[in-house]
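In what follows, subunit A forms one complex with subunit B and a second complex with subunit C.
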Partner chain A sequence: MSNPLHKKHHFIERSILSALAFLKDATTSEEYANRKGFLQSLDPRFKTISFFSFLVTAVSLKSAVLISFLYGFCLILVLLSSIPVRHFLVRTLLFIPLFSLFIVLPTVFSAMTPGDPVWSFHVAGITGIITRPGVDGAVLFVVRIATSVSLVVLLSLSTRHSELLKVLRLFGVPQIFVLTVSMCYRYLYLFATMVENIFTAIKSRVGVVSHQRHGQKVVAWNIANTWNRTTQMSEEVYMAMLSRGYTGEPRLLSKFHATPKDWLWLLCAIVICAFLFYRGHTL
Partner chain B sequence: MVFGAVMIPIWRAASKAVKKTLSVRQVPYLAIGAAFSFVIMMFNVPILGGSTGHAVGGVLVAILLGPWAACIAVTVALVIQALLFGDGGITAIGANCFNMAFVLPFVGYYVYKFISSGSPAGSSRRIFAAGAGAYAGICASALSAGIEFGLQPLLYHTANGQALYCPYGLNVAVPAMLFGHLVLIGWVEVIVTALVVKYLQKQDAVFFEGGRS
Partner chain C sequence: MSDIIFEVKDVHYSYLGKFPALSGVNMTIRSGEKIAVIGANGTGKSTLLQLLDGLIFPDRGRVTAFGERLLEHSQDNEKAAHRFRQRVGLVFQNADIQLFCPSVLEDIAFGPLQFGVAEDEVNRRILEVAEVLDIQHLLDRVPHQLSIGEKRRVAIASVLAIDPDVYLFDEPTAGLDPLTVRHIIDFIVNANQRGKTIITATHDLHIIGEIADTVYVFGWNKSIVSGGSSESVLNDRSLLETNNLIHMHRHHHDGREHVHPHLPLEPHD
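Let's turn to the complex of A and B:
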């Protein structure tokens, strides 16, 4: 995937930044998940079910106003959960919704969406007409995406990742799959550090690889080398699992405890979703 | 969500196929394979004009692990991206998995197998086959995504015909998705996949002789 916005960065720095961005994201999420706040105090199972209900509601509603209500509620939860609002807004609004806006922009014009004109302009002899259905459709599209992304990011920021992965069992995901996902997530820290070390080492020994072809060879060599290291590691990990009593049947520790507060929260979530669905049908 | 239902039998078949070939060692092997498929995206490759890009690596993982194991590995990577980092959309996870964990590795792998069949482990035909597989896989995946986007205005719209989700029909969505992949993204995939196979051949050509590849 090309990224011409970062032309000024050399591929070595870009790779180091990618690895560091992953580590930073993961560490920040864990930090917020460990804070004392409303969402952090809920049982991850109840929290996931409620957020999944909000998500289905946001995706199903056909009114931007009602979806905005859900977005506002999401921001209140951010405030109640000791998550910095600025960090949350930057993370949720800066890339995906802006990208969606860029995608949907042509549909506001009459050439793509005919309808009542709300504004027209002339540029270089071309007349552009923006229509009401075009604007309504674009607003609905962007608001829905912004709300969906915000809900998922809030769930991820307020829940320890290890617990969130265990909750997958709730949705009937086989234990072996959950174990694979959990193990994979732990190895990502190791591999991200590995990528950072590889490129820091290249930078400190070679400085800058200026030739494009040579740069491609350096990257490919290091991916191949990473693959070799991962296969060796899988043997070692298997041996370590055997030595700790792994018999081929994985068992996950689960220490979730539901309280009346969790049931009350779930009830509130159901009431909110039902209200929004009802309003959506009567609008 | 429809694609989530489509993926269930595919994941079931993948689990069965993987159990058969990887036995009890499958858990660390798959977990580390999935982490590898995630990490490939962190390697930035220099491309034209001083800019950089990254490969998706689905076909490379299919060549290294086999298509069924790649299906699980890429699914795991996508689940982690969507659930923990909010990068892929939870409600689109079925469609994303169909395109990137099923279409991409399977098309790429079988193009690779078809072109490389009968060639020696260290032959340059395998490098070409890996590149061709990567290109075919990523473009087929983009075509599949373009069709899914393009069908949405036909399937989901208001009474007055206004699209509820993706606003572009097949005539816009398919060319838009294919263009970038045919012209640029596909070639990043070709470079990475072919060069990695070349280096692995140099290090240990036996790897390509039997089993999964």
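Let's turn to the complex of A and C:
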């Protein structure tokens, strides 16, 4: 039988290790971005602009049907890009849209959104009335969230993180900022591994990082130790940059090359967005 | 003399002003030389390389490179700094420090791009160094996903792309498998044959015969305790023992235990 106290003792350790595992997974999950597929073959700049347009369209439309069309298109792109649909659906539909459903749930009732009743019920002497405008509003909200999340996830799954960061240059973000963020991202994995190793080392010596008070001490000590190491490493990395000619104004490789296919894709994206806006306006 | 590249005169350096790292180091390095700096951990080898690369500056004494004194404020001048850094390249001991870009390709391109090399030329150099170091398949990879040996080769490629006259290697073979060690030794020897000056800090005595003609031994006093040809230094057993560079080695031969000092050049029964 599992001991609840034992579980509580492991809380800190499990939380930290889970957070580290998530961090490492997030920084290394470029498996799909490296596959051969339709979205992967597009220039990241064009891809980002087109997805940004889709996102603005999804947020602006007031028709759940039209937004669903965009969601359907998103799923077709998933299929064309060699990304497993199940993995994509689990990643996009499980948490955020479900969470948004809970948020929006109270608005379906007449108390918050008056209108034509669709269904009513009695629980413990209280009458609940669900209204049509309430349901429509909730559906629109959830569909819009699901579509927006799906678009963002699809963009991040099909594009290497380093390329996504470089696309920031398109929006006028200074090169030094892009370089700094890229470096932070690159070293996140290293520090996550370092903290994980520290925990393994502690476990190998004292068994478990178990007792809550002791666990808190270990975490505090770990934070201080990691801080010291990061400071030292940042100085060394700066030296390595200086050694290779860095003088405060970084120059980075711009290896993007647009092809006719990218322009065609952008045109398609504009046409789809324009069509949806037109339909949304005439509905 | 005109072929002198580095002149180190009575150099003292300490970290935070209280932890001495170098005490009175003197050495002269000429163009095309193959030099090894050996010594136990903490004797100041890496500090010396950082001084030679103009990353840190002596508390006392002077370091002259290519006839000009290396001073902190001279590195503030972009042109002067670039002129120096295009001629001297340091391969750091920890490849994770050297590989700070999000991809291998960008790491190799970083140096040449800072020196204003045109992108077409940078792309040509990337392909060239990738072929030399057999890392073509790694170009699109993320540095943290590579093995230690791959990281070390990419770190060397990032310096090779600059094509400096002087290569400074800090423990280039530490922790690597034998085949990767072989590749790195071959690279160093080839670079020297192409006229490059090589300065390697190491405590791996087995590679010194190949990567160095001249060896300087750093002692616990954070200074050079001896220097000479690689053969003479490696055959000086008491010097190596005193400076913690050899140890007694215990192993089995034909079913019997056998103990002898671990010397790189000395054959044993």
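Following the convention adopted for this analysis, the second predicted complex is superposed on the first by the 249 of 283 C-alpha atoms of A that agree within 3 Å, B and C clash if a C-alpha of one lies under 4 Å from a C-alpha of the other, contacts with A are read in each partner's own complex, and residues count from 1 in each chain.
We adopt the following convention: contacts are C-beta pairs under 8 Å (C-beta built on N, C-alpha and C of every residue); 3 or more make two chains touch, one makes a residue touch a chain.
From a predicted model like this one, the values you see are computed outputs, not experimental measurements.
Participant: Superpose on subunit A as described above, then tell me if subunit B and subunit C fit or clash.
Facilitator: fit
Participant: Going by the contact rule set out at the top, does A:Q40 touch subunit B (first), subunit C (second), both, or neither?
Facilitator: neither
Participant: After superposition on the shared chain, which partner residues are touched by A:V59: those of subunit B (first), subunit C (second), both, or neither?
Facilitator: first
Participant: By the touch definition at the top of the document, which applies to A:S81: first (subunit B), second (subunit C), both, or neither?
Facilitator: A:S81: touches no partner chain.
Participant: Looking at A:Y185 after the superposition, I want to know if it touches subunit B, subunit C, both of them or none. Which is it: first, second, both, neither?
Facilitator: The answer is both, since A:Y185 touches subunit B and subunit C.
Participant: Let me test your reading of the model: by the given contact rule, A:M241 touches which partner, first (subunit B), second (subunit C), both or neither?
Facilitator: Both: A:M241 reaches subunit B and subunit C.
Participant: May I ask for the angle at the C-alpha centre of subunit A between those of subunit B and subunit C, rounded to a multiple of 10 degrees?
Facilitator: Apex at subunit A; the opening toward subunit B and subunit C is 80 degrees.
Participant: Can A:T226 be said to touch subunit B (first), subunit C (second), both, or neither?
Facilitator: After superposition on chain A, A:T226 lies in contact with subunit B alone.
Participant: Applying the document's definition of touch, where does A:T147 land relative to subunit B and subunit C: first, second, both, or neither?
Facilitator: In the superposition, A:T147 touches no partner, neither subunit B nor subunit C.
Participant: Please work out whether A:S162 is in contact with subunit B alone, subunit C alone, both, or neither, and reply first, second, both or neither.
Facilitator: In the superposed model, A:S162 contacts subunit C only, not subunit B.
Participant: Using the touch definition from the top, say if A:M112 reaches subunit B (first), subunit C (second), both or neither.
Facilitator: first
Participant: Which one hits more subunit A residues, subunit B or subunit C?
Facilitator: On the superposition, B touches more of the residues of subunit A.
Participant: Can you work out, in whole Å, how close the C-alpha atoms of subunit B and subunit C get once everything is superposed?
Facilitator: Minimum C-alpha separation, subunit B to subunit C: 9 Å.
Participant: Taking the stated contact definition, name every residue in subunit A that is touched by subunit B in one complex and by subunit C in the other, in rising order.
Facilitator: After superposing on chain A, subunit A residues 161, 165, 183, 185, 187, 190, 233, 237, 241, 250 contact both subunit B and subunit C.
Participant: Hey, which residues of subunit B end up touching subunit A in the complex?
Facilitator: Counting only subunit B, the residues touching subunit A are 11, 15, 24-36, 38-54, 56-57, 60, 64, 72, 76-77, 79-80, 82-86, 89-91, 158, 160, 162-165, 167-168, 180, 184-185, 188, 191-192, 195-196, 198-200, 203-204.
Participant: How about subunit A: which of its residues touch subunit C in the complex?
Facilitator: By the definition above, subunit A touches subunit C via 27-28, 30, 34, 160-162, 165, 182-183, 185-187, 189-190, 233, 236-237, 239-247, 250-255.
Participant: In their complex, what parts of subunit C are in touch with subunit A?
Facilitator: Checking each residue of subunit C against subunit A gives 50, 53, 55, 75, 78, 81-82, 85-86, 89-90, 92, 94, 96-98, 100-103, 105-106, 109-111, 113-116, 119, 122, 140, 142-145, 158-159, 162.
Participant: Mind listing the subunit A positions that touch subunit B in their complex?
Facilitator: 1-4, 6-7, 9-11, 14-15, 18-19, 22, 25-26, 29, 52, 55-56, 59, 62, 91-92, 104, 107, 112-113, 133, 136-138, 140-141, 148-149, 152-153, 156, 161, 164-165, 168, 174, 176-177, 179-181, 183-185, 187-188, 190-192, 194-195, 209, 212, 215-217, 219-228, 230-231, 233-234, 237-238, 241, 248, 250
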